[in-house]
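Input: a single structure, listed below in structure tokens.
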Amino acid sequence: MVLFFLVLTIVGPLLTDFAPDDYVGPRARPPSSEYWFGTTTFGQDVFTQFVYGLFPAFLIGLIGGGLATLIGMIIGFLAGYRGGIVDEFLNMFTNIVLVIPTFALLLIIAAYLTVRGFFVEAIFIGFTAWPWAARAIRAQTFSLRSRDFVDLARISGMSPLKIIFTEIAPNMMSYLVMVFILQFGGAILIAATLDFIGLGPTTGISLGLMMNNAVLWGALHLGMWWWFIPPGAAIAAIVGALYITNVGLDEVFNPKLREM
Amino acid sequence: MFKKITLLVLLIVFLFSGMAFAQVYERSETIYTTGTMWGPPSSWNPITPWAVATGTRGLCYESLFLYDPLTDEYTPWLAESGEWVSSNVYELKVRKGIRWSDGAMFTADDVKFTFELGKNYEGVFYSTMWKWLTDVEKVNDYTLKFHFSKALYQEWGNVMYTMMMVPNHIWKDRTEEEVTAGANENPVGSGAYLYESHGADRMVWVRNDKWWATDLLGLKPAPKRMVDLINASNNVSLGMVLKGELDLSNNFLPGVADLVNWGYVTTFYPEAPYMLSANTAFLFMNLTKKPMDDPAFRRAVSFAINVNQIVNIAYANLVEATDPTGLLPTWSKYIDKDVVEKLGFSYNPEQAKAILADAGYKDVDGDGFVEAPDGSKIELSIIVPFGWTDWMESIKIIAKGCQTVGINLKAEYPDFGGYTAKLYGGTFDMGINNFGSQVSNTPWTFYDWLFRTPVQAQMNNGNFSRYDNEKIFDLVVELDKTPIDDLAGMQEVISQIQEIQLTDMPAIPLWYNGLWSQVSNAVWTNWPSAAEDTPNYLPCTWNNYWEMGAVFMLCELELAK
Amino acid sequence: MALQVENLKVYYQTLKGDVKALDGTTFTVEDGEIMGLAGESGCGKSTLNNSLILLKPPMRFVGGKAKLDNEELPVWDMQKMNNFRFKKISTIPQYAMDAMNPTRKIGKMTSELLGSRKIDFKSILPELKRRLDLVELSHDVMNMYPIELSGGMKQRMVMVLSTLLNPSLLIADEITSALDVSTQKAVAKMLVEFRDREFVKSLIVITHDISILYQIADGIMIMYAGKLAEKASTEVIINSPRHPYTKLLISSLPDIGIKYSQKKLTGIPGKPPLLLDPPTGCRFRERCPVAFEKCLNEEPPFIEIEKGHFIACWKEFEKNA
Amino acid sequence: MKRYFARKLLIYLLTFFFAVTIDWLIPRFMPGNPVQNLLARAALRAEAAEVMYGYFTRAFGLDVPIWQQYLNFWNALFHGDLGISVYLFPQPVIKIIMRAVPYDIFLLLPAILLSWIAGNKFGAFAARTKWLDNTVLPFGYILTATPYMWLGILLAWVFGLVLGIFPISGAYSLAMAPHFSWIFIWSTLRHWFLPFASLFLVMFGGWAIGMRNMIIYELEADYSHYLEALGAPRKLIRKYAFRNAILPQITGLALQLGVIVAGALVTEIVFSYPGIGYLILAAIQNQDYFLIQGCFLFIIVGVLLANFAIDIIYVIVDPRTRIGMAGETA
């Protein structure tokens, strides 16, 4: 599923000979062989916008999700491995960020930039979405910390950092991957929401923006379903697919979940 | 959890069910309007005109005169008559027999008081009037004399119908705070409607059956109630229009042309442009920056813009391209055809290129975009507020147009705040704006906004181009000093202004924003329209439009059979 | 005869294939007998335990039978087994420490458990209290949460619980491994005590710590790679083992008599074979000092070479022959 | 136990402090100037605009040095004064918010609680019930993966426009003023339903899945095995598993609140439902410092309180924390 969309993202632009906001055809046309997803009230090709809009989704998922996971790892590892006062502090910090309704925060931050790009958006999301990862990874590290191979490393005078990255990290790769996937999906959702309420990027096209436009231009009332259905569906599909992939991995990694 | 709540509510309902239907509006007695309020009703204080709920000015509080732009006529309203008894003394007769909604009589004292609020409190928006108004003299209960240090006839004419009279006997005890920043709940006015209630998304007025105009002028608004809704979003109003739940919608609705054709709504004109024109959208260029400081460059831009495409695509023909002077149709008599003939412009890429070339702009580094004569690169951006979708579409087209003639112009959409900051602070390159070009009794308001002086760090409203030209400023003041009935005098000054304007082109008029007005005939009919057999007013609920005739519209509405 | 197991085969289903964790085991446990079961971890000890009491996926019943008091145990049928579990056959799991629901008061849990088995809690309460005294637990534990008990206490609690209905067979799986020496002793003693008081008719004590067995077990079974290697009375196993594996095990223990350390079965070079597809012939041969060609192709049967002494080793068979 | 709460409290206080500071800080760095925006809408004669600009800058206390604005802010805060709205001039922020809050409660409380309860029940039911697991699970994942607003739009489109069963904007009919009568309640409920439904559905999916996984973990926990070994019936074991699986779900609820608020926000926007979410967007678009601060502050406090409540509940239902030997505190 994800792959399908990924491919679509890459080859999509080739499938269409329009630019996302060109006025290519008649206005408000339902899907047809010529305009696969129909056209907007301005006569822009929805399919074109759609395929172009996919890219930012992945970009943000990658950067935002990646960043979140990274921060989460650093904090999680440190807290989990060092324990004690460091843990106390980091944990408290995490909880604070966790409790603050980051989205509301995101709104304000987003509003702060007058001209926004996808990259910036991704960064913001990354910086607000990490606590989940941090908590999860911390817990994992905790359980690993006391394993004998870690003790062994410690005794053999390995530096904490080295231990973390040579002993602990590899032993929870599977877990990290899953965390990343979750963050990836999460980032896409947040981005879509931001875009939708008009606090997303002020340039370029994204799935969220498409929905935003669709609603702004009364696609609902004019019954132009082809304008607002594809973007949302795509997001749901992508993120849903990611989650399910995750379950897959999960079942592989801890047999307990596996159905016999 | 939720069940409990309902049960509780239901219980209370039972207790109160006595007053059940009292609060339900009879559709046939109610007019639903929208398009004015951008937020929940929050103020009924006519002294803070920008914040007031729809109808506060015009339906609740009233002005001395009404002015109808379509006929260019003043109608005595709270005033009975007014005339310049000398070059700088204006005598005003107050109409007898007018009562405030609390029963008190309306007299010269109220007028004097209202004017002097501006004298006493800086925070009153018309306080600056006292720079040229020296004294308001009460001759008797129904006569006043206004003495001027400098008689600005045009501006005075404007004041006559934009300034709302407030009751002296209620306001005189109020603090400056209350006057300049009070919400003035439960307003006591003289107008056709009384405050009934308001909610997060609406303002509800109920007809004042003791309205003075009913006895004195035989006017009676048809709808018993007026429910004005906030602009939740175009999309919501659109939905309501389609369902016939909205009688008059004064916001920009996408695809109105279709709605008209499908017979959901009617507009002032049955076909394009459908709407009357309300104001002029200008392309302001920041003259403090290169290369916008070069008249030739600006002129080139004016030829590079395909306004018709904007009209067709961004607006689906809901608007009209402007006259090169930018003057609204209602002011067409002030347009100097010869000047336009000589200096006018129209979409013509070739000519734009030519002008650029002649002025020494050529593409040196071969990136397809021209460099300035001094060889420096040109990279410009044009801004409109994010979310102002029609404008966003427009500047995309403008940017394209400029690029095709070799000007590297990008469209950008900052938030409203960023937009105003850039525009007012003079950090923008190009931008669209129309805040001050509203239809009024005189082109003076238009030019005063366009060529606002002096140019300073913050241009809070007007002359965003920062166009610094004493000559034109003087002409604007001269225009202001010309009596409103001296048409020739006005034309004379105005054509001089136009000559300079079109030569220097500090801002480029693009299109007339429509007086967005979609009406449904489902419940109410006899709406104003271009048709012969219908009334001919501005069908609009916006602030200041009631005084421009919209109040008559309410009186002439008829129930659909 | 309490328990008879005949050629019991139980495999683990994995993505790679069947793991032959219990590959044809045959033995008996007499009434009143405490049978020890020893072997390296992963040799199938716990599998044996599970297959007798809780055989469920990924475990798969392949063949053989098990009789308890001459009544066949339907080990392959989760439901039918319920009639036996707790009442006739019971267990003290490896994880006795967290065997109790952390969010239920012990007493409540017990009563709910009994209730679910259609047994009247009230009537059994006095007996329960008596047994608590026996294991030196105050009666208050009944309205405490497991988390409030120490490891040892929990262990004892579970012992009481598991044996509450006087099962014919109790399987104690690695119950001592998590405890310190002194507690180990105590627990071990209690097991014996339970047997003596006939709370349980007979016991199988699974451990990798032979020293414990020496204290309490009547007989010992040595298991290797899913098969029994040797079975005899404790004396014999300790003093005159015959299977080379057993020998190595025992020799890796300190001399009897001195204080037993928790010496684990580690002294032997090499690793047991993977049970995914075990080698033909004797499964011990790679590590066996005395292995010879016969061990390579033919699997040694588990034969009684003396009264009550079973082994599976060609070498020894030859000696006898 | 004491320590547990002391720690919680500390966290909450810190959070509050940080949040408030950020809250105060960020609008100050926003582009544009609220007074300017206020007047931009006024379309005043330019000359007047000049004067008014100075006047209102003073009136909103934006002329004093930044640090002083900060102190004033805290000071005012403790007097329950959140300043005056620019966008809804001249209404006090607190008043505006108070008008919006009931709608949020009315919308969120049922949505959260019902979806949580239903989701958990269902998830527990689906767990280890093969056919359900295979059909419902993917569906649930799709649901959680659905952007709130999209579901909202869909519902609005299908039920509001295509079927025309439910109104899709506002909180109650435009044909009536708030009052107690059957028709009014009815209209309120009908306006309430779609926003509620879209929130409910998305959350439901999440809870169901969470519960399903939790249960499966619990069913594999040692105590479950022990009970099985003692022949306890499936019913009892599941009962225990459910009870234990609920606990993490409760914490989950606390952690989710932030996200839920976000969801409510966009949902309110889709249905132009006059709650805080709707307000905060308007406030941002109108650069209304004071209103933004107010709304944000309110959300913070709301979420904090909710968290605290949940903590208390948690302690009540989970003996482990109650006995104060809680390893980690959520």
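Every chain is named by a letter (A, B, C and D) in the order it is written, and numbering of its residues begins at 1.
We adopt the following convention: a contact is a pair of C-beta atoms (placed from the backbone, for glycine too) under 8 Å apart; a residue touches a chain by one contact, two chains touch by 3 or more.
Fair warning: this is a prediction, and the values are worked out from it, not measured in the lab.
Chain pair with the highest count of contacting C-beta pairs: B-D. Comparing per-chain C-alpha centres with the mean over every protein C-alpha atom, the closest match is chain D. Chain geometry summary: the mean Cα position of chain B and that of chain D are 39 Å apart.
Centroids of chain A and chain D (each the mean of its C-alpha atoms) stand 21 Å apart. Computed centre separation for the pair chain A/chain C is 51 angstrom, with centres defined by C-alpha atoms. In whole angstrom, the spacing between the mean C-alpha positions of chain C and chain D is 55.
Residue positions of chain C with contacts to 2 or more other chains are absent. Among all residues of chain D, those that touch two or more other chains are 30-31, 161, 168, 285.
Multi-chain contact residues, meaning those touching two or more other chains, occur in chain B at positions 233, 239, 387, 414-415, 417-419, 421.
The part of chain D that touches chain B in the complex is made up of residues 30-34, 36-53, 55-56, 59, 84-85, 87-91, 96, 99-100, 103, 106, 109-110, 113-114, 161, 168-171, 174-185, 189, 272, 274, 282, 285-287.
Per the touch definition, chain A reaches chain B in the complex via residues 21, 23, 27-28, 41-43, 111, 114-115, 198, 202-203, 213, 215-218, 220-222.
Against chain D, the residues of chain A that register as touching in their complex are 92, 95-96, 98-105, 107-109, 111-112, 114, 132, 139, 185, 189-190, 192-193, 196-199, 208, 211, 214-215, 220-221, 223, 225, 228-229, 231-233, 235-244, 247, 250, 256-257, 259.
Those residues of chain B lying in contact with chain D across their complex are 1-2, 5-6, 9-10, 12-13, 15-17, 19-25, 27, 30, 32, 38-40, 42-43, 45, 48-51, 122-123, 125-128, 155, 180-183, 196-197, 199-202, 204, 227, 229, 232-233, 236, 239, 245, 387, 414-421, 424, 435-436, 438, 445, 448-449, 452, 458-463. Within the complex formed with chain D, the residues of chain C that make contact are 53-54, 56, 81-87, 90-91, 93, 95, 98-104, 112-113, 116-117, 145, 147-148, 158, 161-162.
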